[in-house]
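Shared between the two complexes below is chain A, which pairs with chain B and chain C, respectively.
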Partner chain A sequence: MTAELFFQTVVNATYAASYMALIAVGFVLIFGVMGVVNFAHGELYMAGAYTVVALYADQGFPFFLSVAAGLAFVGVLGLLMELALFRPLRDNPLGGLIASIGFLLILQTIAVLGFGVRMKNVPPSTQDKLVFMDGVVLTYQRLYVIVAAVALLSALWIFLRKSKFGWALRACAQDREAAVLQGMSINNTARLAMFIGAALAGVAGALTAPLVSPTPYMGHPVVVSAFIIIIVGGLGSLEGAVLVSILYAFVHTFVTTLYDGTLANIVGLLLMLGVLIVRPTGLFGAKERA
Partner chain B sequence: MTSKFTISRRDFLATTAAVTAMAGVSMPKFAFGADKVVKIGFLAPLTGEVSAWGKPGLDGCKIWADWVNADGGVKIGDEAYKVEFVAYDDEYDPSKARTGAVKLIKEDDVKFVMMLGGDPWPGAAPIADKEEMLFSTLLPSDLSPETELLVAPCEVHPIYNVTGVEWLAENKPELKTAVVCAQDDSLGKPSVATYLAAFEAAGIEVLDEPIFFDPATTDFAPLMSKMLALKPDIICLDTCYADYVHPLVEQAFQQGFKGQMISCTADFYEKLVEKTSKEFMEGFIFQFPDFDDPAMNAEHVNFNKPNDFYNEYVKRYGKGEWSAVSWEYASIMDLWADAAGRAGTTEPVKVLEAMKVGGTGRQAFGEAKWWGKELFGIDNALVGEWPVVAIKDGKAKIQDFKSIPAWWDKHSDLMIKHMKALNQMYYQRG
Partner chain C sequence: MHKPDSHSVNLAAAFGFVLLAGVLVVLPHLLSFSQQEVLVLLVINVLLVCSYRLLTLTGEWSLAHAVIMGVGAYTSALVAKKLSVPVPLAMLAGASMAGFLAFLLSFPLFRMKGFYFLIASFAAGEVIRLSWKWSDLTFLFGGPKGIKRIPSFPDFLSIDFYEPVNYYYLCLIVVTISLLILYRVEKSRIGLTFHAIHWQDKLAESVGVNTFRYRTLAFVFSAFFAGLAGALYAHYVGAIAPNRFSVEEMVYILIWAIVGGTATFYGPIIGVVVLTIVNEIVLRSLGVEEMRPMFYGALLIIAILFLPDGLESLVPKIKRLFGKRDKESNGSLASPQIAE
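== the complex of A and B ==
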């Protein structure tokens, strides 16, 4: 491997880690607080991408305004999911999971009806790029994703640790009944978790829309990767989700570059299997969800 | 009571003659016997990642049917039949293809079924055999001696890909090295074997092993970094789906590739131009023309009014919606209608016999022969000339029509060698 290819692979992996972390952290936050594996999370990512298709590609709105709209729209979609799907099934995790699968099909169908089955072309907001070492390239479009991931996840970390609402979220995630006894509102924390979790997926989809050519089915592979990440990181662990996103993205990208993508997928699954054998709660997971 | 409106015998006769004459002008060529209808099955992916090679074909068929029906329908025996397409979305899934085949044949009573082929074909094959139904595929790599009722009368994927490489070697001899990638499936593998044979025949070295990527790949940056690290003169995108060609080309652009690109298809290439630039896409080689190309009016082209067809397609579905398959299923219908007319029946086996009479047929790009025994174990592919297309100033332009059989006569051993190496010969396929 030449130095140029090595550093290009590092750049590629950094981008992959960034958008995966945005998705996985949202996924894990929803699981932590709601106790539901939200299989529609990939479709929330898709909804973010289609917001950019509708506003930026089709209507000519500014790119970053469209991304912000994607964040807000998908966040609100998350609130609606909490209200209509997960709240009535709060004591039935299996029911919540099935409802999320049903909802993903609804979202896919809406995307098909609204935008057609084929991929949508989203022009890049800029063709500018950074070039290092005479051949290592990082486009601004990818840089935006990296910057957004760092900024949003840092803000979330500070929010969870420094604010009253953040403490409430963590408390509910650790022990819902104890949190209720302390006077915390389950409904409020659930709403907050769904909004933040969905919005993170939405912003990931919105920012990557020009990089992936959105399709109604783009959520599936993303949610599979996110699922691996949160299992390896430990169900309910935000730190685990971030660190394993980085680990997974680097391993996957380097194996893809050096060998091939199929082997990289196998390595990802073996990684999950190995961690589950050695540490069934995941690298950063507690015995109960935390 | 006397009517205000009286009519003389002369007026009556004149009026009747005029009305009859007008009716004659506006009437179809044949009178429809009680509006007889022949149903044709369209079993292809209409949703999902491969829908770009199904849905535009159905759209093209609608134009074909409107034109043919407006012209009186298809004459079979003494009757004229309107043609009606019955579509079933197989989602590029064998089990759904099987269900669709049963429905189309048993419930809809179709007389012919058109498929994209590839992975779904094994699902439909037992039904075709059991029901003795004539099926068509766009992928001759589906053909085998066990499936005598499957024909590939239009597209000769992946064999025509040799013409692009041959043209490139003749016109850009300075290009000496290539890298090849494709999704790891029944479309990618035989196509990779074909490109490997074509590059070897052309004296172009393929750097490293071909890269087969997982169809679930979403980020193509690592793949392109890997290919560019080999510093090739040519990047070959093989028969990647449009959903892969676009991000791959975009990555090549973003990572600074300056060389030649070649691909089986470049569906919706205007969007590629928009995402990259006219300069970057200049000279991109692929195998599917826009039918408004003046070269499509050449005498040897058999497709009916190609320019008008393209314009009608663009009018109905939009400029950027034309794809590799927009015309192909319609072209197959030309052959089927001609054969059914000559057979005097829609009975599948007899139509097939009529289609193959004399061992030749009128393929879209010229007279072609029923061929394929060495490669597919059966002469059920209609093979002749195929166009080489390049993007020039942002628009697809036919560069040449080149003969596939002529290439085969010189290099069949190479093709068989590479097909064998990737287990793609008919007797190797599971």
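== the complex of A and C ==
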């Protein structure tokens, strides 16, 4: 492996880590507060990408306006899921998971009916790129994802530490009954967690749309990665999710570059199985859920 | 049925079974060719979803069942095609391989429970499925395109099993025998222990039940019959590919089981039969095949929200309706099937 290829792979892995972290952190937030494994999380990412297809590629709206619309639209989808699915099934964690599978199928079909099963090509919003070391390239399109991940996740971190809502969210994630007894509105915290979690997935999909050619089935590999990240990083740990996103993205990108993508997926899954075998309740998961 | 209340109930049940058998024998001759093909797949899917239920008896919901079915299909296809083993023997080899693989998988997987088991079974299944896709193993599994021109079931007494009707009868016999075995297992002491592990695993352990061994037993049994279903499928369709056993297919098994209900033996059968008929009649006649996932997704959500015990929970209600009219039976027909 030449130095140039090595650094190019590092740049690619940094980009991959950024969008995986956006998705995984939302996934963990929803699991932590609601106690539901949101199988449809990959389809929320897909919905964000198709918002950009519809507004930016088809209608010619400005790129960043479309990304903002994707964030808002997918956030609202999250609110809808909370209201229609997860709230009635609050005492039934496995039920919530199964309902999210049903919702996933509905979102996929809507994408197929609205946009067809074929890949959609989204033109890049800019041709600008950074070049360093005479050949290692970072396009602006990818840089946006990295910047957005750092900015949004930092904002979320500060929000969770400093604001009253943030305290409420973390309290609900730690012990729901106690939080309710302290007078916190479980509906409000659940809504907030769903909105933020879904919006993060949506913004990841919207920003990566020009880079990945959206299809209705693009959510599947994404949700598998999210599973691997949250199991290895520990359920309910946002910091763990970010750290493992970086670790997993590097392992996956390097194995893909050196060997092939299928082997990279197998390695990731074996990594997760290994963690589960050593710690049958997940790395930091003390209590049994679902 | 395990506790007959009176002779009349026994007679009614016997009459029902004779009627059912008659319908199943005559049915394919009333259908079009394409409907006959659907019927064959339906019978195979009945076995698949019933085998899945055996595992859910112990309280674990695996997401590897579609892949396990694939293991049976791939093994049977490869053994028949590359080793020229007769197809019936190859099918047994496929089912056995699926059972053996479940035995191996049980060591890591049954260290976990609930959500972690669900995720780990998903990961283990994906690893197996991706190995079929992996380019370095294409010489064996055929890569993403899978295996084509799988030998079909040989003619027997000049019966051509290439005909859907004949293959349907073959599947009907194999599946009926399998269901009888599954039913006997469930009603035996082993089956009762499965129930005990589901509802009170700590208590079961405290009276000396090796819960790990029984979970493994349920997993291996269920995998054997899933593998058999896969083998029946492979030699009928003639071509298999990794995507046929993906998580999307797993979702359909889940939907059949959940919409039908898993508390009774017949629940999953109701689920797969009703959903297949509705799918074939409603969706196909409306010409909206591409809406199928949405239809199934909506049904899944409606079932989990409004009918959490599945379609089977309607059966006692219907029976009670008839029971009221029929004074002699005193509503005894409405007695619950399984004490939970």
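The rule is simple: the second predicted complex is superposed on the first by the 278 of 290 C-alpha atoms of A that agree within 3 Å, B and C clash if a C-alpha of one lies under 4 Å from a C-alpha of the other, contacts with A are read in each partner's own complex, and residues count from 1 in each chain.
Criterion: a residue touches a chain if its C-beta (ideal position, glycine included) is under 8 Å from a C-beta of that chain, and two chains touch if they have at least 3 such contacts.
It should be emphasised that the depicted structure is a prediction, and the values quoted were computed from it without experimental measurement.
Chemist: Putting chain B and chain C on the same copy of chain A, do they fit or clash?
Modeler: Chain B/chain C on chain A - steric clash.
Chemist: Between chain B (first) and chain C (second), which, if any, makes contact with A:Val222: first, second, both or neither?
Modeler: In the superposition, A:Val222 contacts chain B only.
Chemist: Between chain B and chain C, whom does A:Ile106 touch in the aligned arrangement: first, second, both, or neither?
Modeler: second
Chemist: Pick one for A:Gln174: touches chain B only (first), chain C only (second), both, or neither.
Modeler: Touch status of A:Gln174: no partner.
Chemist: Would you check which partner chain A:Thr9 touches, where first means chain B only, second means chain C only, and both and neither mean what they say?
Modeler: first
Chemist: According to the stated criteria, A:Asn265 is in contact with first (chain B), second (chain C), both, or neither; which is it?
Modeler: It touches chain B and chain C both.
Chemist: Once the shared chain is lined up, is A:Thr256 touching chain B (first), chain C (second), both, or neither of them?
Modeler: After superposing on A, A:Thr256 lies in contact with chain B but is clear of chain C.
Chemist: Could you tell me which stretches of chain A are touched by chain B in one complex and by chain C in the other?
Modeler: Dual-contact residues (chain A): 112, 220, 224, 260, 262, 265.
Chemist: If we count contacts the way the header does, which residues on chain B are in touch with chain A in the complex?
Modeler: 46-49, 51-52, 55, 184, 211-214, 216-219, 221-223, 225-226, 229, 242-243, 246-247, 250, 254-256, 268, 271, 274-275
Chemist: List the residues on chain C that touch chain A in their complex, please.
Modeler: Residue positions touching the partner: 61, 108, 111-116, 118-120, 122-124, 126-127, 130-131, 133-136, 247, 251, 254-255, 258, 290-294, 296-301, 304-305, 308.
Chemist: Mind pulling up the chain A residues that touch chain C in the complex?
Modeler: Interface residues on chain A, with respect to chain C: 37, 85, 88-89, 92-95, 97-99, 101-106, 108-110, 112-113, 220, 224, 227-228, 231, 260, 262-263, 265-266, 269-270, 272-273, 276-277, 280-282, 285, 288-290.
Chemist: Taking the complex as given, what residues does chain A use to touch chain B?
Modeler: 1-2, 4-5, 8-9, 12-13, 15-16, 112, 117-119, 121, 123-124, 129, 131, 135, 137, 139, 142, 211-213, 215, 217-218, 220-222, 224, 253, 256-258, 260-262, 265
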